[in-house]
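We call the chains A, B, C and D, going by the order they appear; numbering starts again at 1 in every chain.
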Amino acid sequence: MTAATCNDVSLSWYEASARQRIDALVDAGSFCEFIGPELREISPHLAIFDLPEQFDDGIVVGRGRLDGKAVLLAAQEGRFMGGAFGEVHGAKLTGLLRAARALSQDVLILFDTGGVRLQEANAGELAIAEIMRAVIEARRAGVNVVGLIGGRAGCYGGGSLIAGTCSKVIISEQGRLSVSGPEVIETNRGIEEFDSRDRALVWRTMGGKHRFLIGGADAFVDDEALAFRQSAIVALKISPGCDVAVLAAEQARLERRLQRFGEVEDAVEIWQTLGIDQPTEIPARPTGAFLRAANNRESADDAR
Amino acid sequence: MSDWGMQKAALGERLAAGRQHARGKVVPIPDLPAFLKGVIRSGDRVCLEGDNQKQADMLASALANLDPRDVHDLHMVQSGVVLPSHLDIFEKGIARRLDFSYSGPQSARIARMLFGGKIELGAVHTYLELFARYFIDLTPNVALIAAVSADKDGNLYTGPNTEDTPTVVEATSYKNGLVVAQVTEIVDKVPRVDIPGDLVHFVVEAGRPFYVEPLFTRDPAAITETQILTAMLAIKGIYAPYGVRRLNHGIGFNTAAIELLLPTYGEKLGLKDKVCTHFALNPHPTMIPAIEAGWVEQIHCFGSEVGMEDYVAARSDVFFTGPDGSLRSNRAFCQTAGLYACDMFIGSTLQIDLEGHSSTVTTSRIAGFGGAPNMGSDPRGRRHPSEPWLKAGAEADPDTNAALRRGRKLVVQIGETFGDRNTPLFVERLDALDLAEELKLDLAPVMVYSDDVTHIVTEEGIANLLMCRSKDEREQAIRGVAGYTDIGRARDAKLIEQLRQRGVIQRPEDLGIDPLDADRNLLAARSIKDLMLASGGLYRPPSRFRNW
Amino acid sequence: MTLDDILAGLFPNGSSIETSGAMISGQAVLSGGGPIHVLGITQGQPLGVDEAIVLAGRLIEIVKSGNRAPILILVDSASQRMSKRDELLGLSEYLSHLAKTLLLAEAEGHHTIGLLYGGSAAGAFIATALATGTLVALPGAHPAVMDLPSMARVTKLPIDVLKAKAEATPVFAPGLDNMVRTGGIDVVWDAGAPLAPQLAAVLQRPQGQDDRSRLGAARGGRRKALEIADRVVALATASHQDARHG
Amino acid sequence: MEKLSFRLTAPRSAGGTRAQAIVGVVASGNLEVLLERSPPADTCTIDIATAAHGFGAVWDAVVRDFVTRRPAGGLRISINDGGARPDTVALRLAQGVRKIEEPER
């Protein structure tokens, strides 16, 4: 098998834009966008709030090739309104997933989102519900839907629920995956419960390493576009589907997590329970050392 | 007949009053209020150790909790007004007069209190100036200082954050003043003696470390392409041609960008061993890649930086460290080094006017000067030659006999033409002038005077003010790098083209720099995590800077 | 309407429903005679990992049991539980898992009906009511993504300005009517009429595809979503054929 | 939002063959620039929607310098601005021209 060409310049996934991520992820020059910025399909709702629009409404969708294989892709731009789901933004992803089911083609979702866009909250919330349903319908038709998480805005709110429907989740240390954001928890529960400015706390509670260790993500990669690419190629090789057996396995997995860790106060205790040596050093470990230490992690194989 | 020995007698009275609340030299925390009330007299000059970085925070709160009926009209002489309690002391009427250097996080409140008459201002000093006055006419009666540990004899260990302490203690204790130290813990034997116990009268065991502000940590993730371009201009257009080896950097993102470009862009230009070998500088985390790449021979520090302790200890070939292994910093010595032994100061500012005066004062904030004017000024007392100093001197005054010509220190102001919220860097009139009028100050608080500044660097180019021969040329040179600000747009295009022909103004293209090459990939580290990894895990950044 | 009133109205032939904390679970007999599974989250409680796993477990049992009786999920909740513990344990997976079990049940042939009779918000709303095949509501239900005061804080707009804007568009402000107009809620039942026939009418309808964006467009509350999604499908299909024949 | 439009004579026309290019994102202090081909070859039109009001004179200066310094003829440029500083605007415009000139793969 010949390895298809790709961009081999080092590119930080965290720093890259949605378009840069796609360019670096797929085989060189293979991406073709649907409803590109030149069509100016902007949000019809931001003008009500006198807010600036973006020509692609913060999401790029289209098709490309990954290691020679045709895939559909969506990438959120976390810097535009926090990558939040609005009506147009969400509908582009819904359409992509419906196409995936119809065409039996795998999908990569490059998450970078704070959740629902408040200025169009109802439309955003419904978009998320529609997307989740479309993901499951596509998966039941045998399509892989892989989530990639490592952007600036993380994967929060409804975005995190969509990620939970994916067949595989790839995450980097910078990636955060959580429903409520740190500020929201602090506002609702007080700074004693959660100090949102304690970034080490944020990352060890919601960050990529912790999610990988508890089985919330299937692959842990460096903050490099090439690492995401390699991992995505591997993720597309298996197709677990989404039937009652898979969800029963997930039920067992999530019940086990509650039994094992339900009473702990902090991520470090969980890592200790997993039998990790020097659990407090986990955040500082480079990828190689971390993956060795993560040998006994809770795995999510085929139970998602 | 004079009654000699009055000061010794007064100190004796304070000591006696203090001992009523102490066991030996140790004052228990519950007795601290009564103790302070006993040893401090209304009208005293008090140095409450508030440095640029470390804070005698527990003593500050205790002082602020005194009853102004017992103690009032204090004259505070301290370099840093940083904690809220520093100003509570004035708010409550415990203190009245203030001489200081730097107010950082309290800059807005201090301005309000000055306008409201709650504070009677002596002067805003530079560090060296205030330290100097400690020995002439602002000698403290009482110094409340901070250290890491003490033994029962009062010997103090300050750890990496020695900063102002030796200067404050020297001035106070040898002139019959009383010295009280807050320490994290009392130990049998201190790791090293930074302050001899003879000079320390009382010690309070706080049971927790003093507060330190991580003031010199710049997250590489926040460095913009424009800042990278500006840093490229500075390196290729100033560092390289002058061969600047001994220097000080300010704390802004522009100089952080320079630090992170040394091992990449600087290396490509072949500048290793030719520039940036010796620094008067705090242990900036953004220096780690350059240090690791072998660029730096030596750094002397004003203070430490939170999280850099282990790294510094492991790099004693570069930093000054004690027998205990940890950094020895000293603000007074390092400021002197920055003034006399460095050939360049480069830092950012908030406003520059058409003459080249610069100021960090805005009408609602008085941030003070800190050390920038010490390092950002041409020392008239300098006598030793060096290549950059001589070259700059020759550019300023080509006609004088070289053997009789003073050299010039390079004083570089670097910044983007627009700052936060599109505020222009260049202005017709400094806000400092309005402030001086409102507060009826004799002097406007100018950070770097126009006759000291030699270069201004922005993303539009470099203005070499040494080579300007008239006031008009100088003004146009400044307009010529002022970009799209009102000042920049009111330029005389023809004159500016002439200045460019003479090399007074240099554009990126004149230096062979394509603005489109200013990419974050050029940074030797793009995140705090990269810095930590570059340090081999020795740098331990505070939680708020981490994203892992 | 209290939960008991609702259950009595829906199932005049009787039901056997257990309450455990804020969650209910059991079976009832439809007015037409067939069985229906009933579960729900009640009392305006937040939905956290502990609640989600119980509801999902019950749904998996139902699907595994092999009978294809309809499932009614009653919803009167707060939002997701906003706590350190829930997020530490991976709340997103638990909520998503619950939604997936509902979607699975629908796909496996169970008619899934959500009945929103109180509040629900944000992640809890998505994981329960919005994951059913058909979502209906009773008058007085109050779905929300975020309440207006919080929204005012985040958008830095005065609440009066937000209220004025909410008059002009159903797209952002909380409330039942807005959720109907944007297509999220299929129908609001008539509380004055018997409930059992209204449930029977919903069950009469064939199961089909997700038609919320079509409803949103028809009702004028969400004019773009359907058109954009359809265009993406068309473009993807066309480009797929190009790739094969090109 | 404030809308501004410029139609400028451009001494040099843009190179390359790409139909369009886009750089930047709409965020605080940032902007997106969409470049499309549009005859005539000696004219550049620029349409701006900006969140920062009252900077018309600065935009005027920035775009005039841009068409003088960069090959921008035959381009229709559309900008959504989140309040970027002029130096950022100038940089994005230059990046955009470079991108539309890149060879197609």
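Operating definition for what follows: a residue touches a chain if its C-beta (ideal position, glycine included) is under 8 Å from a C-beta of that chain, and two chains touch if they have at least 3 such contacts.
Owing to the predicted nature of the structure, the values given are computational and were not obtained by experimental measurement.
Colleague: Applying the contact rule given earlier, which two chains have the most C-beta pairs between them?
Modeller: Top of the contact-pair ranking: A-C.
Colleague: When you average C-alpha coordinates per chain, which one falls nearest the overall C-alpha average? Tell me, please.
Modeller: Answer by centroid distance: A.
Colleague: Cα centroid separation between chain A and chain D, in whole Å?
Modeller: Taking the mean C-alpha position of each chain, the two centres sit 33 Å apart.
Colleague: So how far apart, in whole Å, are chain B and chain C when each is placed at the average of its C-alpha atoms?
Modeller: Inter-chain centre distance comes to 59 Å.
Colleague: Per the centroid of Cα atoms for each chain, what is the distance between chain B and chain D, given in Å?
Modeller: Here chain B and chain D have centroids separated by 41 Å.
Colleague: Whole-Å distance, chain C centre to chain D centre, using C-alpha means?
Modeller: So the centre of chain C lies 46 Å away from the centre of chain D.
Colleague: Find every residue in chain C that makes contact with two or more other chains and list them.
Modeller: none
Colleague: Quick one: which chain pairs are touching?
Modeller: A-B, A-C, A-D, B-D
Colleague: Taking the complex as given, what residues does chain A use to touch chain B?
Modeller: 9-10, 12, 14-15, 173-174, 197-201, 203, 207, 209, 283-284, 286
Colleague: Sort out for me which residues of chain B touch chain A in the complex.
Modeller: It comes out as residues 221, 520-521, 526-527, 529, 532-533, 537, 543-548.
Colleague: Taking the touch rule as given, give the residues of chain D at its contact with chain B in the complex, in rising order.
Modeller: Residues 52, 55, 57-58, 61-62, 83, 85-88, 91, 94-95, 98 of chain D touch chain B in their complex.
Colleague: Give the list of chain D residues in touch with chain A in this complex.
Modeller: 1, 20, 22, 25-27, 30, 32, 34, 36, 49-51, 78, 80-82, 105
Colleague: Which part of chain C faces chain A closely enough to touch in the complex?
Modeller: Going through chain C, the ones touching chain A are 49-50, 53, 56-57, 60, 63-64, 80, 82-97, 99-101, 103-104, 107-108, 122-123, 125-127, 130-131, 145-146, 151, 154-155, 157, 165, 168-174, 178-179, 182-184, 210, 212-213, 216, 221-233, 235-237, 239-240, 243.
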